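In this document, chain identifiers A, B, C and D correspond to the written order of the chains, with residue numbering beginning at 1 in each.
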Amino acid sequence: MGKGRLEAFSDGVLAVAITIMVLDLKVPHDTSVAALVALWPVFLSYLLSFVYVGIYWNNHHHMLHATQHVTGGVLWANLHLLFWLSLIPFTTGWMGENHFAPLPTALYGGVLLMSAIAYWLLQQCIIAVNGAQSTLARAIGSDWKGKLSPLAYIAGIGLAFVSPWLSCALYGGMALIWLVPDRRIERRMVADA
Amino acid sequence: MGKGRLEAFSDGVLAVAITIMVLDLKVPHDTSVAALVALWPVFLSYLLSFVYVGIYWNNHHHMLHATQHVTGGVLWANLHLLFWLSLIPFTTGWMGENHFAPLPTALYGGVLLMSAIAYWLLQQCIIAVNGAQSTLARAIGSDWKGKLSPLAYIAGIGLAFVSPWLSCALYGGMALIWLVPDRRIERRMVADA
Amino acid sequence: MGKGRLEAFSDGVLAVAITIMVLDLKVPHDTSVAALVALWPVFLSYLLSFVYVGIYWNNHHHMLHATQHVTGGVLWANLHLLFWLSLIPFTTGWMGENHFAPLPTALYGGVLLMSAIAYWLLQQCIIAVNGAQSTLARAIGSDWKGKLSPLAYIAGIGLAFVSPWLSCALYGGMALIWLVPDRRIERRMVADA
Amino acid sequence: MGKGRLEAFSDGVLAVAITIMVLDLKVPHDTSVAALVALWPVFLSYLLSFVYVGIYWNNHHHMLHATQHVTGGVLWANLHLLFWLSLIPFTTGWMGENHFAPLPTALYGGVLLMSAIAYWLLQQCIIAVNGAQSTLARAIGSDWKGKLSPLAYIAGIGLAFVSPWLSCALYGGMALIWLVPDRRIERRMVADA
């Protein structure tokens, strides 16, 4: 089965998700500097979520690139991932509009956690289909980023009730770690070619 | 005529439909647990609709994959299906915001019913173009799921005026039946290859 | 230059336009039959616009299919068409929410008129690039539908101030005429193959 | 690494951005000519932004067309560009709803400036990957438009506090300059073929 439409549909959902998040940046009714400055928490949470959706798109791109076979199970694991990512606009809006209050900040981390788990499940599912000797399986290797992320999000959820800013620092720090492109897959593909 | 753009346009409409539904999950103004918990009916109807749009995307993917020829009639049958699916965000919002009241729950089933009929029409149209001996025609076989679904939706519409929860159980149960991937087409394609 | 991205971008804009129109179908706050029935003008204008955007997508699909060469001029003529089509959600909402009042109904026709002109310009532009002996040029032939449409829309604009229902009948009738697939291009492509 | 998904994702984000901007054109509650005429500043800012997003899509199309290799760095430079372009619906709405007041008009120019810088960075990144002798590098040449644009936007930002209309004239004038298709790349590709 071809992976073209799987990529196209995922691109569509992620492109819409990333773009409708900007609707939470509601146009202020007056034109003062103060009205603009008051938007900073919404803007900050938009920026963080844009980076996260970008990271998921980027890693998804790499992962599918190294995939040869797609099955019905992979399609559903992919939809499961898209479900959690589709909730990011909601948690982004709730966290931003409430100036990083504890519960919204914890829920934001909760959706990041579920997305990370869903991504891991999709990865396992693709490896199961393509074999432990596939390019992807060997490229993933120890996958320390994939293992660290859920721990960081769980810590962030707990810390949100102590200091939401520590949670945000954790979420942002984890994003920075992911921003370094996943060269494992690129390198492995070159090595296998 | 190529089927590439038919798939691309359908992917686009379904990706947008699945993503704008999350706009019905309106960001609460306060940050209490109660405000979040109050969203459960909207979240539940979002989850149900996400699964249904996912199922349609998945089956559409399989059906088009097994299709060789596309005509003007197929394009229109496809648009007819997209029309009903495009109404799902509306019925989802109405049902969720009104805590599964009878009329919205019945209308939700009505749009599911029309979508199922539109899907069946598209399938018949593709089979008519590709022939009764085509991969698709032989893969569909007795199509018991396709025949059971409309009956379940009709029952759900009627039951909504007795107990909307029974309707929801029917809609959800039908979704679970569909979640099992449609291996008929995969198996038939392997057999034909 | 490839036409792939031109098609992909157009598909994206049309898919979003067709799907966000449903946001004008605002979820009613109560669950009575009356609340649902009160939506009929919005639903009717949604249906009309869905069919029109579908027609444009369909004809655009056929036209590009018969196109070999794309230039910078074609890209801009295409964006010009998308501009007018992107206004359809606005005119649809204004006409529907005001129960087909004269001015909104006239403006609806005005955007249809500009879209028809923009489509004709794009067609001329593609023919100029691909030559008067190209598949497209010979397939278009007398193009009576393309010539009749602007006249119907102009009549609809004028009639809106007498009886908006006559305008709607004209818009709907023209849509029905277009619904018959444009077999000229299909037939010509088969003849040329 | 393939550039197909990079193009598809960018097309998706730009298509959604260009289409959701029309949601700022809020449907008026009455049907008078005055209500429609009152929308002119929102319409004008929509038109300007539609042209700008169209220009970016067009130039992006040409640039990627002349690109052979894509790396992780290019993916991130592309996401950075999409981030600034995704803010255009916000600045468009703020400028239009406030009748081109000084601060919103300056911010509009600020986002145009950041988008121009992000486009330049993406271009440099692609040239670095593909080499100074690549088709793209030689096609860009002196890139006077790319150098003039940021200066025009900076001037526009400053002038907004003197006369916002001068800023708009600058933004619009720069758009007209870009509207002339970038024949450098087309010519260079023909020469290299």
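Operating definition for what follows: a residue touches a chain if its C-beta (ideal position, glycine included) is under 8 Å from a C-beta of that chain, and two chains touch if they have at least 3 such contacts.
As the structure is a prediction and not an experimental result, all values here were calculated from the model.
K.L.:
At the interface of subunit A with subunit D, does the proportion of residue numbers present on both copies reach over half, so same, or stay under half, so different?
P.N.:
Mostly different residues: under half of the interface numbers shared.
K.L.:
Farthest from subunit B by Cα centre, which chain is it? Let me know.
P.N.:
With centres defined by C-alpha atoms, farthest from subunit B sits D.
K.L.:
Approximately how many whole Å separate the CA-defined centres of subunit A and subunit C?
P.N.:
Measuring from centre to centre gives 37 Å for this pair.
K.L.:
Approximately how many whole Å separate the CA-defined centres of subunit B and subunit C?
P.N.:
The separation of the two C-alpha centroids amounts to 26 Å.
K.L.:
Hey, what residues on subunit C touch two or more of the other chains?
P.N.:
As it turns out, subunit C has residues touching two or more other chains at 8, 12, 15-16, 20, 23.
K.L.:
Write out the stretch or stretches of subunit A touching subunit D in their complex.
P.N.:
Interface residues on the subunit A side: 7-8, 11-12, 14-16, 18-20, 22-23, 25, 27-33, 36, 47, 50, 54, 57-58, 61, 65, 179, 181-183, 186.
K.L.:
Which residues, counting only subunit B, touch subunit C once they are in their complex?
P.N.:
1-2, 5-6, 8-9, 12-13, 15-17, 20, 23-24, 71-73, 75-76, 79, 82-83, 86-87, 89-90, 93-94, 97-98, 101-104, 107
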